[in-house]
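In structure tokens below, several structures.
One chain, subunit A, links the two complexes that follow: it is found with subunit B in the first and with subunit C in the second.
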Partner chain A sequence: MKKKLELLFFLLPVIILVAFFVYGFIGWSFYTSLTDWRIIGVKGEFVGFENYKFLFTRDRSFKSTLFNTLELSAIFIGVTMPLGLALAILLDLGIYAKKVFRIIFLLPLSFSFVASASMWFWMFSPEIGVINSFLRLLGMGNLAQPWITSSTQSLWCIAIAYVWQFSGFATLVYYSGISGVSEDIREAARIDGASKFQEYWRIVIPMQKPATLTVLVILLMYSLKVFDLVWLMTGGGPGRSSEVLSTLMYKTTFSRNFFGRGASIGIVMFVISLIIILPFFVRRRRSDYE
Partner chain B sequence: MKKSVILLLICSMLMLSFTAFSAKENELLVYHWWTAGGEKVAIDALFEAFLEKYPEYRIVENPVGGGGGGLMRSQIKTMIMAGNPPDTFQITYGTGMIESFTSVLQPIDNLMKDFNVPQDVMDWGRVDGKMYGVPLNIMQSNCLWYNKEIIEEVGIQMPIHSIGEFYVACEKIKNAGYTPLAVGSGMGQGYWIGTLYEAIVSALPNGGEVLNAYYAGEVIPSENETLVEALKTLANIYNNGYINSDFSALTWDQAGQLLATGKAAFFVMGDWTKGLFDASGLKANVDYGYQSFPGSSLFVGHADCFVLPKGVDSQVAKDWLSYLTTAEAETVFCPLKGATPPRLDAPVEGIYDSIAQEIMGKFRDPGVTKILSEFGAPPESYLSLFGTFFSEFFLEPEVNDATLENFDITYEEVFLY
Partner chain C sequence: MNKLRKKGNPITKTIIYIILFCAVFFYLFPIYSAVNTSLKTNEELRFGPVQTVQKPTFDNYISSFNSIKRPLLNTTIFTVFATAVSSILGAMAGFAFSKMSFKFSNVILLIVVLGFYIAPQSILIPLVSFMGKIGLYDTYLGLVLTHTAYGVPITTLLFKNYFDTVPTQLIESARIDGCSNIGAFFKIALPLSLPGFAVVAIFQFTNIWNEYLFGLTLTSGVESMPLTVAIANLKGTTVAAWNIQMAGLLISILPVLLMYLFFMELIVKGLLMGSVKG
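After this line comes the complex of A and B, so read on.
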């Protein structure tokens, strides 16, 4: 009992801070989302779920923005995870200049979002960007694309930049997961006549479930709340073609002064994150007990 | 020994708190968005001149660049909501923009005695009969800038007098292999297309009245012939191929560089562009020229102003705002920023270049109607909502039922919801 009290004593400051700054403000945001707050410095009236009703029935941006967010998440995760795993396997295979490649793979992770957004913004610029310039240099000017100025390509450009930034992270987690596979098991497989492909396909990759879960949850969290790259590369445009929930929330709250409605977008983001991420944790908890 | 240590500590703490108190008393915490080029030079010179006059004060400035002040306004809102406003901050001088902040501002009529500016400019800053900001620099936004070398090469007679003539000029320029009109609306800054739209409206019959009513929320856009006509003109300019294809990837200054580097002939942008051209080493009326947007006899513009938040009662803030009302402050700031001083008695000769004087002449001419621009007249939300609207319109520039419905709904979002 005394030990439990001691433990509680040491944990109390953290519990209070997290309760106040995380859950307290989530609660405050939820309350704000139930008001019609529009005037700076003057709290709005309680309007119930009117803001949510507006978002799902009358707001012309919300549905396309929600779809953009989910599309970006799907592309981002769908590419980053296999890419990270492939790069980790390459490192594990002991490729030439492994240390150099390890640094190259991990380098994007050390870049700030602002720096990488600026870099990709210039690369994707249709007139002076390095990608189109390179294509023109090779005499393939007809393949030059409008990239970020196109309403159909802008979201893909952001996804590419995002994949580049996070593939190093996925590589890192998978590489440590692969390194954790016992050499005895792998050696037993080799003795049994397993080829290199079979060794990875049947032994190493199936054992990466915990790493996959870690990568998936973290990538999901980042992709659902992506802001910096979108804001700095396209600002959500052209039109609304690359608008995501976080940029819409910012614009609604701070540029349009719909504070209540902005808070409701934030709560929707929170709920979507919970819906997507909670099952993974529940499943993991179950498997831990099993 | 122990007692003396405690005494020393108490004395130090008292001294520290006294120093902090006196520093706060004489300190002006100011937020603005002038972070680069001539704007930064101008505000630095203004601070210096203020401190020369009031050496007992200290200025703590927090410049927040980007988004035409949008990012700074966001930051200010969070500070105000947290109950921690700065002593003064910059916003656009105009009824709509100021009205978006009046709930947290103090009226400053008592600080603006003998402020010799045109009556309509005074009215730009009044909300419910009270003044809330000191305008520091007047800017004209319906300007047409042109690259003199291209214009001479193609053989276009300037000034251009109508939108029809403008089309003809654009066609000639396009055929000569140049981009006729530089536009930049990238990074979520679709409101620069709004500046072009506004300039077009100002050139149409009754443009001034329409703009005033439009920004006051008094029209149904789809039912207003002038507004629809301007939208069609905007679509024509795009569909005729007069605009640079990468407009949605460029910021306004990058678009201005297309003119500065001889790739584009025209640029519709406010007179702050002069600072950009001057900083690029171009000479006014030698390398680049200016006229009001073809066919427009109006002065469409706005100003930047500084305001006094509620709860701020420091003498330094009041002295700062009073100082800004003087011709001295305007004469320090405006020539460096490349703007027009609001005061009618601010000296001109030998201080401003020929283009600045031409703009000033229009501003001071009582016969020229002054119209408040999109940056000051409508509520703050206009810039963001219509920025998206214009950006979306340029994806498929066609004036059809869907476009007009979108126009009306966006307008309702600004003024009704």
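After this line comes the complex of A and C, so read on.
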């Protein structure tokens, strides 16, 4: 009995907060998504799954938004993971001033997405931007690009800013994974005549599966959630060329006041995040018991 | 470990350092450019963003500081409170998950931690309506409550992982001495968890300080506007304001940047604890 009261003392605040603000609100969002609510203070009519039907059948921009979200994730993750692994291996090679390099790689993580968005917006501005000015200064002005003002490049610009900000995290997790490989195994490989390259390719890298899974899941989550960078660098534009789920949800809800439809986009995002995260959790739980 | 330093092919070595310096250039060039421009007068700005500053001035810092003074204060206040509250609540729950056995504790922990991973967009509309309904829209309290509620999933997990490294015997011996669990928590576990507390608090502080979407949707005026929103508003005012904009964003990241430089090890621990053992 006493233990139960104690448990309540420890757990109740967190459980109430999470139950209400996370799960309660998801339920509330879901309910909202079944209405055509548009005006603050005036209840919407219940319309069933109309909003979802609209998104998936009639709304053509939704499909391109889904595709953009996927493309941004693919570029971001496709660059960040190999880069993170490569830099982690370089750090592991016994280089000089390892600590300094590590600090530099992690520095962008201290930036808010807002700060890096403003910075990269300026880097990628076509006329007065840093990159084009730099190219012109080097006499390579013909290489100058329209960057964020181009519908084919805008998503790439966001992805580069995202890689800049987040690759230090991948480096960190991989570096910690590599440091976790026991020196005995590596020593044994070396005694068997493995070259430095073989040591990494055959021993160290195959042992980075847990680190890879961790990085992958976290990067997937972040590329689904990304809002600040897209909103402040391109606003989803030009046109809809860099529109992602989070910016579409924001615009639908707060600029166009389609609360019901905005909520349905939020719920779609919730389902995607469950699909990303649940296998990871289940896998981890299982390995806990092994 | 030091193999490379001792022997190692000089060509391989050169390649390694070339790659490293390319990476350093990629990470530092934007920051260098921002600092460089932030020190320029409007006069110098006209020569383009790449030229090195000739006559550095701090005027841009002063004028952008004046325009973001209030948001800076706002963010400092609600970040400190939300960090403190979410850390303490997370410590309590993390202690229970780690040191007290009860039915379904694994499942409950999973349900709590899942809260960290959901996209904020999936709760945004109810959150804004709710804050409006209870009169906490555009207030510090509303921001503290929001950041606490969405912070506790990760602080709970971080503390659970931390307390797992604290030997259970220490807690047991306190219980044998007649301490209740609550007593054991405050007298033994909490003092022992101070290093963990630092990790969690820094992790939370940086997250909340840098957050934008909640700030954008839960405030409207300068009275409670967070710094990130003010910095975003600086953007795109006028072309000539690049120097002021860069100065402003550098001011905004300074507290977290200093934390990174001074508490690197704690930051690294927090990032790893929050992810690897997630």
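Definition applied: the second predicted complex is superposed on the first by the 266 of 290 C-alpha atoms of A that agree within 3 Å, B and C clash if a C-alpha of one lies under 4 Å from a C-alpha of the other, contacts with A are read in each partner's own complex, and residues count from 1 in each chain.
As a convention for this text, contacts are C-beta pairs under 8 Å (C-beta built on N, C-alpha and C of every residue); 3 or more make two chains touch, one makes a residue touch a chain.
Just so it is clear, the structure is predicted and the values come from calculations on it, not from any experiment.
**Q** Which term applies to subunit B and subunit C once both are placed on subunit A by superposition, clash or fit?
**A** clash
**Q** Applying the touch criterion given at the start, work out whether A:Cys157 contacts subunit B, subunit C, both or neither, answering first, second, both or neither.
**A** Neither partner.
**Q** Counting only touches as set out at the top, which of subunit B and subunit C does A:Ser255 meet: first, second, both, neither?
**A** A:Ser255 sits against subunit B, while subunit C stays out of touch.
**Q** In the superposed arrangement, which partner chain does A:Leu7 touch: subunit B (first), subunit C (second), both, or neither?
**A** Touch partner of A:Leu7: subunit C, not subunit B.
**Q** Report for A:Val181: first if it touches subunit B alone, second if subunit C alone, otherwise both or neither.
**A** A:Val181 contacts neither subunit B nor subunit C.
**Q** Given the touch rule stated above, what does A:Leu232 touch, subunit B (first), subunit C (second), both, or neither?
**A** Touch partners of A:Leu232: subunit B and subunit C.
**Q** Going by the contact rule set out at the top, does A:Met81 touch subunit B (first), subunit C (second), both, or neither?
**A** Touch status of A:Met81: no partner.
**Q** Could you let me know whether more residues of subunit A are touched by subunit B or by subunit C?
**A** Of subunit B and subunit C, C contacts more residues of subunit A.
**Q** Which partner chains sit in contact with A:Leu137 here, subunit B, subunit C, both or neither? Use first/second/both/neither.
**A** second
**Q** Indicate the residue numbers of subunit A shared between its subunit B interface and its subunit C interface, in ascending order.
**A** Of subunit A, residues 40, 121, 232, 250, 254 contact subunit B in one complex and subunit C in the other.
**Q** Going by the contact rule at the top, pick out the subunit A residues touching subunit C in the complex.
**A** For subunit A paired with subunit C, touching residues are 2-3, 6-7, 9-11, 13-15, 17-18, 20-26, 28-29, 32, 40, 86-87, 90, 93-96, 101-123, 128-130, 133-134, 137, 164, 168-169, 172-173, 176, 196, 210-211, 214-215, 217-218, 221, 224-225, 227-228, 232, 245-246, 249-250, 253-254, 259, 262-263, 265-267, 269-270, 272-273, 276-277, 280-281, 284-285.
**Q** Give every residue of subunit C touching subunit A within the complex, in rising order.
**A** Listed in rising order, the residues of subunit C that touch subunit A are 1-5, 16-17, 19-20, 23-24, 26-28, 30-31, 33-34, 48-50, 89-90, 92-93, 95-96, 100, 102, 106, 108, 110-112, 114-115, 117-127, 130, 132, 146, 148-150, 152-153, 156, 180-182, 185, 206, 209-213, 217, 228-229, 231-232, 234-235, 239, 242, 245-246, 249-250, 252-253, 256-257, 259-261, 264, 267-268, 271-272, 275-276, 278.
**Q** Using the touch rule from the top, collect the residues of subunit B that touch subunit A in their complex.
**A** Listed in rising order, the residues are 70, 73-74, 77, 80-81, 100-101, 103-104, 185-190, 244-249, 310, 379-381, 383-385, 388, 391-392, 394-395, 406, 409, 413, 417.
**Q** In the complex, go through subunit A and note every residue touching subunit B.
**A** Of all residues in subunit A, those touching subunit B are 39-42, 60-61, 121, 124-127, 146-149, 151, 231-232, 234-241, 247, 250-251, 254-258.
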